[in-house]
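Each structure below is given as structure tokens.
You will see two complexes here that share chain A, one where it goes with chain B and one where it goes with chain C.
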Partner chain A sequence: MRDEWYPVGLFSQLDRNGRNTVLMGEPITVALDAEGAATVTSGSGRALPVRVRYGHVWSSLGNPRKELFAIPEADQPGRRFVDVGVVRVRCSPLRAVENFLDIAHFPFVHTDILGAEPHTEVEEYKVEIRKDEDEVWATQVKFYQPQAAKSANGGITTEYMYRVPAPTCSVLYKTCPPRPGEWDVITLFVQPLAEDLCDVWPWMALFDDATPMADLIHFQQTIFLQDRSILENQIPRLLPLDPGMEIPTRADLTSVAYRRWLKRHNYTYGAQLVAQ
Partner chain B sequence: MKLYDYVLSPSCYKVRLMAALIGVKLEIRPVDFHPGAEHLGPELMALNPAGSIPILEDGDLILTESTAMLAYLAAKAAPEWLGSGAPEETARIQQWLSFSHRLTASLGGARLHEMLLRPGDIAALQAQGIAALRELEAGLVEQGLRGMRFLASDRPTIADIACFPYVALAPDGGILLDPYPAIRLWSRAIRGLDDFIEMPGIHRLHELNPEPQIEPGAA
Partner chain C sequence: MPARIPAGPIALWRSQAGHAVASADRCPHRGMRLSHGFVRGEALSCIYHGWSYGKTGNCLRIPAHPSLTPPETIRVATHDVEESDGIIWIALGQPAARPPRFEGLVPLRSLTVNANVAAVEAAAGAKADPEGLVSPSQHPQEIRLLLAPQDDQTLIHVLLDDKSSPSRRIAASRTAESLRRMAEDLQAKVQAS
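The block that comes next holds the complex of A and B.
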């Protein structure tokens, strides 16, 4: 778990003074060096591995065996990249990712934006753990949305694909209202501070030339802050990986696959193994 | 009327909520407060040297205090929100309007610390927030004994709108509202007003199904 890559800050906000933060209980400092490159230092002064990708600085307490996952759309010309900014949530980092993968709560938590009653049915969709990439994928997810994006005018049926390329990161591909045929990319990068506390860094790569940047940020922060109050009240606080505590329905297939995948990788930071 | 607005700011929400309740249309100008700190940039500092939002612009008038904005909106479109003019009611409205700044400093400070990682002494902010909530709870209980559901009257005034958002969002700063039944009833009464609007963290009341009609003697 220490060998995974984790987001630890926005690259655009770094300075020479550095930012003190925490990764899995260990204090770290994220800063710029004299050449303008990002550095991450552990509390004991050890230089930690660094990547700068997708607007964020990434690091690891251990020795990552895998390169940071790819998001090919991040190199596609014409997209606008949106640094949404950090939000701290008193919940398990895994709960934050799982909530991001859920569609069924849209009409009740994101009322009149991502969903609305009586359009509450989650149609059948496909979920798989892709062997080659070793990622969780949900495809052919469809949902009626009153205002799917800042660039949407009125209600549309939106198509989604969800991807979990790393235990605390998820990438969402979603119908792009101004450009049918392309996908908008919305990500949730989660920095685990403790097993029940995390900093969440949403980021987006959108085709939208019209909407001012502040509107795009506000839209995504609105959505995420509606989730925050729910996340902070989930019980148990840690994500149960064994059955017995929570009963999934068919709409929760992505969550079931995510939990199974975490368990297969023995990724238990923020998880609860035996139902209590 | 143009509002320089941040969607997660309870002070900005006060103005949006007041305008919605009395049917005033606002032109919203989103400000990248977080992460961009646009409120501290040259354009907005020229409008408001205090570097705070909201800012309300209406012709030559520029307001930078949310309390003044509430009074302005009400005076323009719905003066009944300013109270009846009775001495005690006028005094109570002013009392709670001033009190609302304590909520901003304490509950608002705790929320910024816990949510957006702003610096602050979280234990002190939470303690001050709890002290303010207890005072508000006592005030609402006393109003209840006078037969009044709102802070200064039996109808909502700008004082209720000034105090409501930071109170409703106290859990964002790690302060639970469970111990305050009068505050919870008051919050429900405000959320039940016609044309009430939400903000992230403040949910609308769910529509309740009609009571089942039970015929007398049918059970």
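The block that comes next holds the complex of A and C.
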């Protein structure tokens, strides 16, 4: 996993003084150079690879063999790009991604926003590991939501598609209330600080000209703080890849595929391989 | 509410009909602590996905699949619970006898002390009797302490005479708090030396 790209900060918040942070246990500094370009330096002074995409600065402790994954919607005219900021969570980075892929918790954790009883049923959806892109995809995911987005008026059945293009990143495509036929894009970029500690950077690319930026940020932060109360109370803190440790159902097929994909690639930073 | 026994953390809950139940504090679905959950009727539900468990630990309902009857294999461990004169007792395995009774005493409150049993006994100036009850040497008439060791902490249940007036109860509560501070200071000194 050292050769993967990880988010290490918001580009809009960088300055010459730089920001000290941590990537997989190693201290790093993210800063702007004299030309205004982002730089990332390891604790030993080594210049690390850098990309600036989707509002964030990306880096890697190793040598990425693949380019940072594409999000074509990031170049689509008419979208608003929302830097949501950061939420620090005492959990495995992989648990944070798995929770993002889960819809069955909406009525209980995001009550009256992303879900509400008695609308708890998860209908069948499709999951695959796409060979060409080497990504996990879940499609035709449908769920009843009382307040699907800041721009939604009342309850609607929302359709979702999920993508996992990197071990600690997920991209969600979601019904766009003001513009049927288009998808809102909500991402979860997770910076692994340690195997059991992460900074979560949500980012959005929406069709919504009406809602003030502060409200969009507030909406997403509210959702994620609700998730944090779960993520910090799961046992064990690492994501168990041993199938005996937890019990999935049909509603968890995305998580099953994600865990399988992690295992296949040996993406085990933040995972627990053998039950303890 | 969360509680601890030597077998591990537990979720202690009371059903609507009034039964106290001790379930393992981990939902087997995604590892969420069940002590964060909610009680409806005779079941404890996990706050993460609403999976609900009955008093004997079997899974009753998986809300994501409302028409599915959960298989018997999905369950949480439970422990026998006995309520006796206002104190809740949890058994490890099959208990040979009923929990002890304390004639003429009523429970006042419980508090957790960051000290082991030896430090609590030293602060109280008295040893626990075989039933775990301590009569502090300075306050023999005022309070009794029932000690339950929990790793490096001790859970103290404060008992007092069942005819105590409200002002005696308040005084007893303060006495227990000062004993807690003494025990924690003693423990800190032991660790520093």
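Operating definition for what follows: the second predicted complex is superposed on the first by the 276 of 276 C-alpha atoms of A that agree within 3 Å, B and C clash if a C-alpha of one lies under 4 Å from a C-alpha of the other, contacts with A are read in each partner's own complex, and residues count from 1 in each chain.
Quick note on the criterion: a residue touches a chain if its C-beta (ideal position, glycine included) is under 8 Å from a C-beta of that chain, and two chains touch if they have at least 3 such contacts.
These numbers were taken from a predicted model, which means no experiment stands behind them.
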item	value
Contacts of A:195 with chain B and chain C, given as first, second, both or neither	neither
Chain B versus chain C as contact partner of A:221, first or second or both or neither	first
Which superposed partner A:4 touches (first chain B, second chain C, both, neither)	neither
Which superposed partner A:85 touches (first chain B, second chain C, both, neither)	first
Chain B versus chain C as contact partner of A:235, first or second or both or neither	second
First (chain B), second (chain C), both or neither touched by A:184	neither
Touched partner set for A:208, first chain B, second chain C, both or neither	neither
Residues of chain A at both interfaces, chain B in one complex, chain C in the other	229
Parts of chain A lying in touch with chain B, wherever the complex brings them together	10, 13, 83-88, 90, 111, 199, 212-215, 217-218, 221-226, 228-229, 232
Sites on chain A touched by chain C in the complex	104-105, 107-109, 117, 120-122, 229-230, 233-236, 240, 245-251
Chain A-touching residues of chain B, taken from the complex the two chains share	6-8, 30-32, 34-36, 38, 114-117, 171-172, 174, 200-201, 203-204
Contact set on chain C toward chain A in their complex	26, 28-33, 36, 46-50, 62-66, 68, 74
